[in-house]
Amino acid sequence: MKKLMNDPTNVVDEMIDGYLKAHPTYIQQSPKNSRTIVTVRETKPGKVGVVIGGGSGHEPGFMGYVGDGMADGVAIGNIFASPSPDPILEAAKLVDKGSGVVILHGNYAGDVMNFGMAKELAEMEDIRVETVLTTDDVASAPKEESEKRRGIAGEFFGFKTAGAAADKGYHLDDVVRVAKKTNENTRSMGVGLSPCSLPQTGEPSFVLEENEMEIGLGHHGEPGIEKGQIQSADQVADRLLNDILADMPLEKGDNVAVLVNGLGSTTRMELYIMFRRVEQVLKEKGVKIHRSYVGDYMTSLEMGGCSITLMKLDEELAELIDYPADCPMFVQK
Amino acid sequence: MKKLMNDPTNVVDEMIDGYLKAHPTYIQQSPKNSRTIVTVRETKPGKVGVVIGGGSGHEPGFMGYVGDGMADGVAIGNIFASPSPDPILEAAKLVDKGSGVVILHGNYAGDVMNFGMAKELAEMEDIRVETVLTTDDVASAPKEESEKRRGIAGEFFGFKTAGAAADKGYHLDDVVRVAKKTNENTRSMGVGLSPCSLPQTGEPSFVLEENEMEIGLGHHGEPGIEKGQIQSADQVADRLLNDILADMPLEKGDNVAVLVNGLGSTTRMELYIMFRRVEQVLKEKGVKIHRSYVGDYMTSLEMGGCSITLMKLDEELAELIDYPADCPMFVQK
Amino acid sequence: MIYSANDLKQFFKNVVEMIEDKKDYLSELDRKLGDGDHGVTMSIGWQAVNEQLDSDLKDEEDCTKISMAVARTFLSAVGSSVGPLYATGLLRGAKIAGNKSELNDSDLVNYWAAFVDGVKERGGAEVGDKTMMDTLIPFSETLKKQFTETGEASLAFESAVEAAKQGMESTKDLLSKKGRSSRLGERSKGAIDPGAASAYLILSIFLDSIKSLQHY
Amino acid sequence: MIYSANDLKQFFKNVVEMIEDKKDYLSELDRKLGDGDHGVTMSIGWQAVNEQLDSDLKDEEDCTKISMAVARTFLSAVGSSVGPLYATGLLRGAKIAGNKSELNDSDLVNYWAAFVDGVKERGGAEVGDKTMMDTLIPFSETLKKQFTETGEASLAFESAVEAAKQGMESTKDLLSKKGRSSRLGERSKGAIDPGAASAYLILSIFLDSIKSLQHY
């Protein structure tokens, strides 16, 4: 699978180099760790620091979300690989203004271990760190084991609300409270149509027949729960929503934020066709859509497919979703 | 090539339906023509109306760019097909506040004819309409015949500056002047790696071998100027820049805006790696990058590849590039 | 011959059917030279025409109104390059039809001559530019010449459609000068122009419709 | 036996070479169950270790410092699941090495036993979870048992690596319970766990390094 790159071993560092050169009014690199990027902008004194991170290959996630109203710093791992503890610790150090740091990450073995080690190291340096996991992928574990679930596109909502809360001056415990509440109220499910490939191997991450799709595919290409004949957009949307709503039932009058996320090569045309069905289903149920996000928010290199995320909103979360943001890869007024 | 869709004959209208439902605080559909979308927001009295349009399949172009500081209305054609005169005329009517309307479109046979017919019809209804073409694609005709060149990603800069000018209260003639100046100062060139497919045919739009790329590919899949072995990102960037700079030489101290545009399935990682080289080349020449845009701005369904666009800036154009914008698929603070 | 409004509508219906049959072929031609959508566009446009033929035009007897409606419906449904071109042709033909419910030999010849003039004016292309004009201009010139010389409309159309076919085939070796493929230079050689192909197919469907008249 | 600092460094060098040779295989295993990057990750990590072996560690004679440097370099280069796991193992082994420049039989056995304990503590997985623990735990238990019973380190390592191999192969039919493939349920059967494979390969390289010692 063809890519525009130089030496495949340097893809991540070259991407970071290009990113820094493209957006110098937003971001800077730590002189101590090339995989730590933080905002260049002054944040309010005493603001809780927000650090995010994970493997690369998901752009805009994660490095694209450093900026006003979102994260203050990011630790960037190799493709589909958690960052090591060092850049995470360095990010925490740089964004700490004395009010503590919230670190948001996905629920993958690697993330749990590396971010866990970083947290221990940070605490040894007297930085107060709290970590909050995202576990929105309903396909990845049953409801009774929801703490085992993967974090996929729903991580975006965690960044949004925690980032907004921190920017509004919330205390550390409340930023954590908001991040956890967001996670508890967010469910996602995805479908894969076509694979991505790692620059270093060139091999497709999985194999699907010309007429197959895979429900519940992970956003690193991990196998999903069901391979089958590709269906219409409406049928796929119905299936994804069905599983999401079975897990987090919504009632008439409930208020939600919707994210229809492209995995990389799925066109915006298809994403809006999927969204159309999501809106129909929710409207039928009397559920109000407060805000919609449709596009590439958490990709998987050039994977074909998409995910649907619903986040149930209370007043506080709705306000935090609406809060402005300004990052190189995401701006909201 | 697989897609998430329902009946292929309805893709464009379903996309529009989903788009309208996703962003009701931004846009609305004309009750008279379902392919005309205009801003819902109040624009300043006496503001020059800005209409854009073209075939669908390029999202965010064109419908994603209706909003504050960009276009007021858009006419949406079938995939890769110019809209017919009716929705263009309807858009012009709806956005005309008495100060005239500027219509921006690409230099394709279909666009020229349909937008030309719409302009005639508008003038018969006493709406003052001026049209400005984009002809940024250096690969599509030699310098001596630059008026024959295709409009590709550079159209984005035309929308940006004309939209900003209109929002700042420029008179019709000055909006036109700005749009023309933008076009004169913008050059682009692209490379294709992998095809897209029309929903109705399912067939790949062109064929490239596993190790081939095509320089100068059009952004509807039209054949380019040179097929060859795929090269490194730096080599490709050098080639594209070489042709662009041969056509529009830049000098030490010149100020530019840069757009590295993804055609659909090319990852942001690759786009930033390409940008890295663009920045190196320009820096070596002593050319200052005023602002950079990296991402999917004018796609070609799921095509693999990208284009580089350079726009030479004077003080006026720099100000207009910096002017804020707020559209469903593009926000700038 | 007497070409009634119903014959005209039946002709358009036959075009609809032919386009559905040939749309993949037309798109394939367009993939080589352009953006691969010519068959899709023709199908969208003529399907819209079909709906009109089955509804608003069902009882229409005025050949001008029929031709105008087909033109507007087609244009409105597709835009693109061929919308304005074919629509302008049909509108010019509509004018010639003079609101009659039956067209005679002269009417038919003038209709198609005006059609070709309309397309030419709208698109500005000439023979050799590798467009539908390479089909239409030889068709029109042969039609007018033959009819003027012999007074025989059927035979004139037959020769004209043969000239159209040759014109279409000549596009294979032409360097494109207009439209999407004009930017290809040398690479545009070796494939028939899609618009030239669809134009020929439409004309040959018309020829069939005349021939089937004569069996009554 | 006497296992010098140079022998230790040579062992790590051999791992580097083996990983380059096996990286595509390891990634292929990971494509079936995970995200397809295990070979890439191991290559990135061990290439970084190689650079250290050629530079900062060139003249290092302290086995503890060597092992710690390898651990930190590996972790720092890759993160991911295996970074913390292998690094913790190497750090525990480093501690056992007691800053010595030569390790004896006991040291080697304790080194690897501590390695396995470290990986187990960090990852929390058990035999049967379909991870590298399915390779490492049987290895460690066999190693300790054999050495305790016979006092013969070489033979103990030989049996242990055989147990490691069987452990690795057993992962084929296990249902995954940890890591990325644990979400697969039934679908995780039928493929060897990538981490179990890389762990076995590393251990067998170590066994080779002991055997080649004995040829002096």
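Which chain is which? They are A, B, C and D, in the order written, and residues in each are numbered from 1.
By definition in this document, contacts are C-beta pairs under 8 Å (C-beta built on N, C-alpha and C of every residue); 3 or more make two chains touch, one makes a residue touch a chain.
Protein identities per chain, from UniProt: A, B = Dihydroxyacetone kinase subunit DhaK; C, D = Dihydroxyacetone kinase subunit DhaL.
Model, not experiment: these values are computed from the prediction.
A.B. asks: If you walk touching chains, what's the least steps from chain A to chain D?
C.D. replies: When the steps are counted carefully, the minimum from chain A to chain D is 1.
A.B. asks: Hey, how far apart are chain C and chain D in touch steps, shortest way?
C.D. replies: 3
A.B. asks: With chain centres defined as C-alpha means, what is the inter-centre distance between chain B and chain C in Å?
C.D. replies: Each chain's C-alpha centroid was found; their separation is 32 Å.
A.B. asks: Would you kindly tell me how far, in whole Å, the mean C-alpha position of chain B lies from that of chain A?
C.D. replies: 29
A.B. asks: If you average the CA atoms of chain B and of chain D, how far apart do the two points sit, in angstrom?
C.D. replies: Roughly 54 Å, centre to centre.
A.B. asks: If you look at chain C, which of its residues touch at least two other chains?
C.D. replies: none
A.B. asks: Among the residues of chain A, pick out those that touch two or more other chains and give their numbers.
C.D. replies: Residues of chain A touching two or more partner chains: there are none.
A.B. asks: How is the touch graph of the chains shaped: line, ring, star, complete or other?
C.D. replies: Graph shape here is a line: each chain touches the next, no loop.
A.B. asks: Determine which chains touch and list them pairwise.
C.D. replies: Listed by label, chains in contact pair as A-B, A-D, B-C.
A.B. asks: Mind listing the chain A positions that touch chain B in their complex?
C.D. replies: Of all residues in chain A, those touching chain B are 2-6, 11-12, 14-19, 21-23, 56-57, 59-60, 64, 191, 193-194, 210-211, 213, 230, 232-234, 236, 258, 264-277, 279, 292, 294-296, 299, 301-302, 304-306, 326, 329, 331-333.
A.B. asks: Can you name the residues of chain C that touch chain B in the complex?
C.D. replies: Going through chain C, the ones touching chain B are 24, 27-28, 31-37, 39-41, 43-44, 75-85, 122-123, 178-185, 187.
A.B. asks: Where on chain A does chain D make contact in their complex?
C.D. replies: Result: residues 9, 55, 77-86, 108-110, 113-114, 117, 139-141, 148, 150, 198, 200-201, 203, 205-206, 218, 220-223, 225 of chain A touch chain D.
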